[in-house]
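Worksheet: one structure, shown below.
Chain IDs A, B, C and D follow the sequence of writing; residue 1 opens each chain.
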């Protein structure tokens, strides 16, 4: 199949090319994969289950803070801290989810309540000395692979590549499973899903747990890669928006949507910044315009548009 | 004949409005019961309560010997009580086959098995050729069939059908009547709300008539049709 | 904790709350009719503040007087935005409409940055410097005028919704979208009017706050999130609820600042928000239902 | 833009976007070619040109441009045969990811040093990029103390860090109070609740015991908050002698206005690295309010004739009064020029070594010679204490740089 061949070539390129790239491209590629990963993570809940979270920063921040605090205070390897953060985030996701779902919050109400949860965590983090308050936490760079610290960018690239591919494979497995069908049903029509025997609350919570777990792993990657976290960088609304943007533009509720979204959006942003340099704001203005146009003319995202042709 | 569904004193209030008032209703195994009454009589509300979408204000609902009051719709469905909606609610973005697979997953966790069963059911209701069409592209008649197929795929013992014939032309209605007979022949009991009198009279073993939320008559179709109160209720509506 | 501090918190909260209420009224109007959460609301307010600023800087127009120009201007602008950007996507998924307004907000904020750079600008009205003490509590003239102005506009808006044909049509559309179409209301036009009125509301709010605030491309953010909170609190689509909700949030914010250490005052606001969403999603004062 | 500095790699992108960009980037792969034309020395900057700090970023960039043009106009870097400085721009949008990728891009393009990035948040990760690529990184505006920690070799900070800024400013204030025989025992502080404000707040609080004052209130605030009356009322009730404020422009404006109307009752309102209180534009827009405000901030040496000339040139070119961010940006470019002259090379390691040996007496800052200690901090870095008098921010401390006498206590704040 042609699609499969294209996929394999792309994968081979992603694995083989980076060592040959200039630093800038490697840096951008890491961003692309990182956003793609966040998008895939968001997609499980937002795309497949149709629960439009605007507060995934909550999980991202929990992941980043858990692994970093465990590392700095108790010398626990972030590889382990990453899993701990994921579990904690999933726990918080289940808590926040069961509250909102049980009370029947849907659509914009769910979006707003998740936004509020993330903002509350941000305000708490800003005001808590024990987690570094606004001074944040920094991880000194050094080479210690057992501690998720590498010399140079390339190893991080392969880590995030593996994470992003893992998220894609997991999403594909979900899509083809009973859970995937159930989530689709929930997204399309919750009443009809219930009538057809789908335990909609349990399905939404399952999606929430998976999505928040994955997002938290992204938080740990961020902390290790950039070496510094603070409340606004991790719990701020920008993180939530980044994830969902890739998914929506690429195609929410499709396996490759967030990947495609990120591989299109990030270069657009980089190119427009390069082209409009020296005119502060022009590039983000263009980005906003592109967003409006994409949603107006490709309401199902790039992948959706491609499929419908 | 043992009762499959036994409803006693079922009452549903919305604020000050009583939509269903002390309803008693039985459906036996393998029985077809028609639930009729003028618009606003409380039929659909009764369905919502029985299938778990609303919690009853008072009363008892026993299905297969155990109370289902307070259970969620999906749990009731798993026990063998499936329903359709008055306004069809397909999963518009999914294909016909996928729609039915959702129902089939009640009886199997295996995707291939669920798909195979869904195909059978689609063929059974006569939608086999539309298997891969997105639900939103189907005609109204086909969407009604799809909705029945989705309910059937859950392998119910009792099927609650809410106006599956409204909006259809006479040929289509005849087809649905035929389909319902086949379903019944397979041992599924049916409780149906219907305004197409010709069809209800032909299908039902028993009729239950609701008016202003209360049961005003029940019995074999022929008897009920001659009931003075029933005639008044319907005349009152049209007057 | 003294009574003086509490009195101050109550007064400051109420004065700020009026402005929140006006911004939220515009938002809730748009939500009620169009069923979208307008993330560009703050950005539109920012543009209006620039409009007032330029009228003052170039034409010497007092910011309060500028309302006479900016309110109609932004009404037209709002109708235009709705027609060109929102209306074509009316049938799009809920979340797509949300992102649409987010993209619009990014566009507008950065348009301002391109046009006027990141400079903070200040506008002074004759009243900017005035204030008086009410007991131990400070009342700033400009904030008092802003609050009073906001309440007057909200009441006017309410009257408009009750008494005029356009207002009645708008309410009908908010309450019964299908029924409204059946009654022969020009639904498309009314949707435009709703967005236009929403924009006019923030244009007034913008002009009212400029004398004690500043103008910068991201200034709308100060009011945007609070307006969401207020709208939910008051009940989405509930106009009077938005005004009352504004006062509640204003109070929560200033009492939080008085009673809690650090910058925890927003924790109170968000906590209140989540509690209301969970326990009374129709809002404290009722409104379009969330379930 | 009507400026004479050259932007390379900028305009060409629009047409054959990626190709041009890739071309520029791969050119860095053959440094011999780039260096054969050694008529130019590429200097990169990364600033938050877009977003909430756009205003400050532009002011900083003005200072950089002024210095670059001045150097090029005076014949470039002499020891490099008159090579001209070429500025390569980078916009971080105040985002960490963009800080990293912009820094990497500029390094790919062959810069000898990187200037920026304004925000400490962005600096944390960018310093890893510059360290790894052995590129001198001259910090601008980022105050977080620990940015130079961790044995980094390529990070240099000319301006006072958070600790120097806050402790020296408080010292200057206390000294002035002693001179005026006005006891300062109770200090209150409001600061924005981000990295910058919190850093300042921690230092002032930590400094209290040693300096013999009590921190009677410390209130962090969200800088987007539209009203601070409740917070300031709490401060007023604590009856402080001094109110210290670390904030950005808009929030600081509202705080000063509200404090004035509240008759806050302190001896003085003191900005600490405040973005507004010594900003000429803020002062011009708010003459009455700003009169006799104090601010401890980066500044120039008013006694320096050179500083006067620079200010005139700035005024002429940008039609506004030069402010502290521009001064720092201007001076940092000259520190780099000095190092380039001594290195007589564009080799980054040589430039780095030259920077480490900096001993620059000819500068416009209110301090002794610019020298970097082992961690890369300017050992003599010092803020100035300013007071607005007659619409102008004037240096009133430390005494040897003062251009006028302070008015302290300030009667109007005492209410």
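What to note about this one:
Operating definition for what follows: a contact is a pair of C-beta atoms (placed from the backbone, for glycine too) under 8 Å apart; a residue touches a chain by one contact, two chains touch by 3 or more.
Note that the structure is predicted; figures quoted are calculated from it, not measured.
The chains that touch both subunit C and subunit D are A. More contacting C-beta pairs link the chains of A-D than the other of the two pairs A-D and A-B.
The most central chain, judged by C-alpha centres against the centre of all protein C-alpha atoms, is A. Centroid distances from subunit B, each centroid being the mean of CA atoms, peak for D. If each chain is reduced to the centroid of its CA atoms, subunit B and subunit D end up 74 Å from each other. Subunit B and subunit C have centres, each the mean of its CA atoms, that are 48 Å apart. Between the CA-based centres of subunit A and subunit D the separation comes to 35 Å, rounded to the whole angstrom.
Remark: subunit A and subunit B have CA centroids separated by 43 Å (rounded to whole angstrom). Residues of subunit A in contact with two or more other chains: 126-127, 279-281, 283-284.
For subunit D, the set of residues touching two or more other chains reads 50-51, 54, 57-58, 193, 220. Among all residues of subunit B, none touch two or more other chains. The full set of touching chain pairs reads A-B, A-C, A-D, C-D. Across the interface of their complex, subunit A is touched by residues 51-53, 72-75, 77-78, 82-85, 89-94, 98, 101-103, 105-106, 109, 111, 114, 150-151, 153-154 of subunit B. Of all residues in subunit D, those touching subunit C in their complex are 50-58, 193, 219-222, 224-231, 233-234, 237, 249-250, 253-254, 257-258, 261-262, 281-282, 285-286, 288. Only residues 1, 7, 9-11, 13-14, 17-18, 21-22, 25-26, 28-29, 49-51, 54, 57-58, 89, 91, 93, 95-98, 100-101, 104-105, 107-108, 121, 124-125, 128-129, 131-133, 144, 146, 149-150, 193-195, 197-199, 202, 220 of subunit D touch subunit A when the two sit together in their complex. Residue ranges of subunit A in contact with subunit C, taken from their complex: 46, 52, 99-100, 103-109, 111-113, 115-117, 119-120, 123-124, 126-127, 241, 244-245, 248, 252, 279-285, 287-292, 295-296, 299.
Partner subunit A is touched in their complex by these residues of subunit C: 31, 36-37, 85, 88-89, 92-96, 98-100, 102-114, 117-118, 217, 225, 228-229, 232, 236, 261-264, 266-267, 270-271, 273-274, 277-279, 281, 290-291.
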